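Before we start, here is the structure in question, set down as structure tokens.
Letters are used for the chains, namely A, B, C and D, taken in the order the chains are written, and counting of residues starts over at 1 for each.
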Amino acid sequence: MLGSGILKGLAVTAKNFVGSYHNPARMVTQEYPDVQPQLPANYRNFPFLVTENATDPMGTMRCVACQICEKECPPQCIYIEKSKDKKPDANGKLQLYPAVFDIDTAVCMSCQLCVEVCPFDAIKMDHVFAIAATNRFSGLLLNREELAKPNTYFHEIRPDEAAEVDGRLAAERAAAEEKAKAAAAAKATAATATKPATGGAAAP
Amino acid sequence: MRAVHDEFHGDLLEVSMGPQHPSTHGVFRMVVTLDGEQIVKLKPVFGYLHRNHEKIAESTSYLSSMPYTDRLDYLCSMSNNWAYALAVEKLGGLTVPDRAQYLRVIMAELTRLVNHSCLVGFLFNDLGTSFTPLLYAFREREKILDLFESLSGSRMMCNYQRFGGCRVDPPPAWLAAASALVDNFPRFLDEYETMLTGNEIMLARTQGIGPMGAAQAINAGITGPCLRATGVDYDLRKVDAYGFYPRFNFRVPLGAHGDTYDRYMMRILEMRESVKILQQAFRELPAGPIMDPKAKLRGFRPKVGEAYGRLEGPKGELGFYLISDGSTNPWRYRVRPPSLINLTLLEELCLGRTIADAVVILGSIDIVLGEVDR
Amino acid sequence: MIVPASPDPAKPDLSTPPVAENSLASALPPFSPSAILPRLLARFPAATIELVPNPGPAAEHSLLLDAAHAREIATFLRDDDMLRLDYCSNATGIDWPEKEIVDTVKKSVPDPAGGPDKVVEEKTKRIQPGYLETVYHLYSMARKHGPVILRLRTENRNDRIFLPSLTPVWKSCDFQEREIFDLYGIVFLGHPDLRRLLMWDGFKDHPMRRDYVAPDDFEWEPTPHGSVLDRAKGHYPKTEGLNS
Amino acid sequence: MSNLTPPFSPGASPQDEPRRSPAGEGGPAAGNISDSEREDLRQHGILLTSLEELYGWGRSNSIWPLQFGLACCAIEMIAAATARFDIARFGAEIFRPSPRQADLMIVSGTVTKKMAPLVVRLWNQMPEPKYCIAMGACAISGGPFKQGYNVLKGIDRLIPVDIYIPGCPPRPEALLHGLTELQAKIRAEHVSGPQAARHLQADSASEFPIPDYGAHDLEPPHNPDLFKPPASPRAEGLKN
């Protein structure tokens, strides 16, 4: 019968229309500003810099300004300047730190390559997506103060990955302490024992 | 729009459709010359989204180009990733572990589901249904995008595959969710088809519109569903047997007339076959590593040489031609864009038709401007 | 009709890339360049056809044709019953700018004192002239085999940039050759509609060439690197005592 | 990280609100009610409003965007219009194919130099009041493709942008967030006085020069009256 195909199609639409009042499978709308989306842990938007301690973010940044991410960033939106002096990191080893660490989020393509190539687990991807600026020059160019977020925040957004990273860093730290101890023991045979240097805040 | 004079047809009207036009799927432009309502000439104009992908890729490392491939055909980032990875693996002599091969098949077929269901929605938009089928398609697409997002971190720009494997190993919960989605997908397809396939208006607007001959299509390099709609049995999943496709049982649907209706049906039937492939893949997915231990991310330097890797993307044959000069950057990086080459016959298909048919024919060819212009 | 000996030689096994020696050894598939080359030379004695080896693991060797016979050879490849290369998948341009090559020749010089010969390395510099190249990847849909790769080279990069168009043979080259004309500046003789494809008509440059310099619009570059940094510096206000 | 000042914040700085007398403590006179008091009354079911506020409320909830997608971000823009994100909840679901009927241009994707003159022409064809959202990295700055020879490094070189939404591509929720920011901006606009909205000021430009296709680049490559980048933070102490 001519027109039966159209009627069948309209029946589907009608079923969906009625279903949208009671059938959960057809009630798909998410009331965004009132109900925040459930983001998966892997979600990535823009990078942030992990710091060990929320009270002293600049002092306990994991980044050692090795500039690998800067080189690998496909759109070249990371800018790092190394510090002139060194600071002790979580293992007590003296390391450089970034005197300038800028990311232009107006350019960033959220590809996560900086995270993948970072050997220090210092840069991770953030979940914040509700960003709107009226000025792109000052509003979207983030400096290291704006990029720094504490490790506790990292645990909040990506618990599994953060735990794994913490475990790995703790193992490295233990190994470093072992080594320091062994070195100290070797020294102690010759002279008085020196305490292995440990510094920085332990990860929560 | 302007009047032109032609010695055969008399006064003609030249209409510029696009680049801002609701039915050109982006910033595509056609300069159409009309005699009354009949098309006597149609010249596509490209380049409004020419983003210099190839030039940028030649000045950056092999790895850095991977996220750019996401943005070629932005509906199918997973297949683009795979095609590029395939070419680089061929160039660098890398192997891919079994589990990664299966994961690639899963991602590529999920992408095909996304692409084809959205294409059908867009095609019906062009037929004048104003958004309704697209809403159904996007409802399913969102489910698949949620899967992609929870695995790779991004809805559209997955950046998931690497030379020699994949980036993230999906946890069992992900596989269960994906498997459940795939099992439910035929129900969506049934609903979709009930709504659309028998529709008399759609049949009248598509059957016999823009028929393409097999020999004509082969000579013009048409690939993908558009080619198979003409009855040519050429699917790279069977012909090249890349990935682990020989391990899967699936049929290649073939059309008979090569018209717009056949092109539409190809998409529907391919989605049903993709569901079959996916169900087998979820059943047989082996355990194991997902990266070739030889592969390295940074500072990848293939030996001097060249390679052409191609695969059956949702839109047709997507190829990457790479020339290495031994450095970290490719000397030549070329994308063989199926969307662009499938447009070769657009003028022939539209001649003598009305402008409304041209819109439908263009919709059935399935282009994405990011890939047409690169 | 010739049935290939092996069950399906058209399937390049990508997981285990073939070694170059193996693919050139016995049981040549009909589409391998070493099998095609003698047939082409016999059929077109006046043509100069060269085999261009591909040293990479893919080992897809190609055939370099001379411009004068390219279209005849292409038509033959398309229509030949054994090959039936009815489908031109990919056509692309490549820029090879002129390059300085240092040849090192080892010579043994007899020692005037009567001792053993000395090995002396002689280095000669020569300029390899630049050229533009097009590459065509051909497959057969009828026979389901391939690829056969054809290359064509221009005489130089400046004024002798003419190549025959293969669009009359394979229509799929239509847009791709227009793109090559646009981005590399190779003029295809016999192309039905040779206009720029991607850039606008008044555009003068050929941006995919290696020596192309992009227009200067680096006014705001907060995270500059490399060449971008150099070009951005021109837009920075000149400050006293800037030591860079 | 949002850099918007709260647009309709109760006690915006006094020079912003010259008509509001500082009579907060001594009990407000009629028409001089502070926002907190008004909110208080609203909770008791008494709705006080001014014509200006009503006008702004009406305009902000009936934004008609131009149906105009450029690249990847356009797909997310379409997704924002579909059932899951449902931009209709903000009154902005009527995507108009014609610029003559549109209020908002969402520049969703890479603007190439070949496309840029057409974008400006579309903008010029839109009637006032009109707004522009630059959605995604490419529209803001050229994004990942900014190194390309044919890519415009930000649409704000040619037309004024009200809201920038970074991301590649931004989630549909991010677009909705940007839209609510734009709505807030529209609601805060005044209809008269020195603080009147841009389109009500006599000397504000509504149309912008359309660049020509040149031999090597657009001519001019940017609109110097509009695009005034600050001195780069890298001007001093350049890395070598």
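One rule holds in what follows: a contact is a pair of C-beta atoms (placed from the backbone, for glycine too) under 8 Å apart; a residue touches a chain by one contact, two chains touch by 3 or more.
Computed from a predicted model, the values in this text were never measured in an experiment.
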{"item": "Shortest contact path, subunit B to subunit D, counted in steps", "value": "1"}
{"item": "Chain closest to the middle [Cα centroid of all protein chains]", "value": "B"}
{"item": "Higher-contact pair (C-beta pairs counted), A-C versus B-C", "value": "B-C"}
{"item": "Most widely separated chain from subunit D, with each centre as the mean of CA atoms", "value": "C"}
{"item": "Centroid distance [mean C-alpha coordinates] between subunit C and subunit A, Å", "value": "43"}
{"item": "Cα-centroid distance, subunit A relative to subunit D, in whole angstrom", "value": "30"}
{"item": "Computed distance of Cα centres, subunit B from subunit A, in Å", "value": "33"}
{"item": "Set of subunit A residues in contact with two or more other chains", "value": "28, 74, 76, 79, 102, 104, 107, 109-111, 137, 141"}
{"item": "Residue numbers of subunit D (touch at least two other chains)", "value": "83-84, 114, 141, 144-145, 147-150, 154, 168, 171, 229-230, 233-234, 239"}
{"item": "For subunit C, residues that touch 2 or more chains besides their own", "value": "198-200, 207, 220, 222-224, 228"}
{"item": "Chain contact graph, described as a line, ring, star, complete graph or other shape", "value": "complete"}
{"item": "Residues on subunit B engaged by subunit D in the complex (per definition of touch)", "value": "19-22, 26-27, 47-53, 55-56, 59, 67-68, 71, 74-75, 134-135, 138-139, 141-142, 155-157, 369-370, 373"}
{"item": "Residue numbers on subunit A that touch subunit D, as the complex places them", "value": "28-33, 37, 45-46, 74-76, 79, 81, 102, 104-111, 128-142, 146"}
{"item": "Touching residues on subunit D, where the partner in the complex is subunit B", "value": "66-72, 74-76, 78-79, 82-84, 97, 99, 109-110, 112, 114-115, 118, 122, 138, 144-145, 147-151, 168-169, 171"}
{"item": "Residues on subunit C engaged by subunit D in the complex (per definition of touch)", "value": "198-205, 207, 212, 214-215, 217, 219-224, 228-229, 232-233, 235-237, 239, 242, 244"}
{"item": "Complex interface listing, subunit C residues touching subunit A", "value": "220, 222-226, 228"}
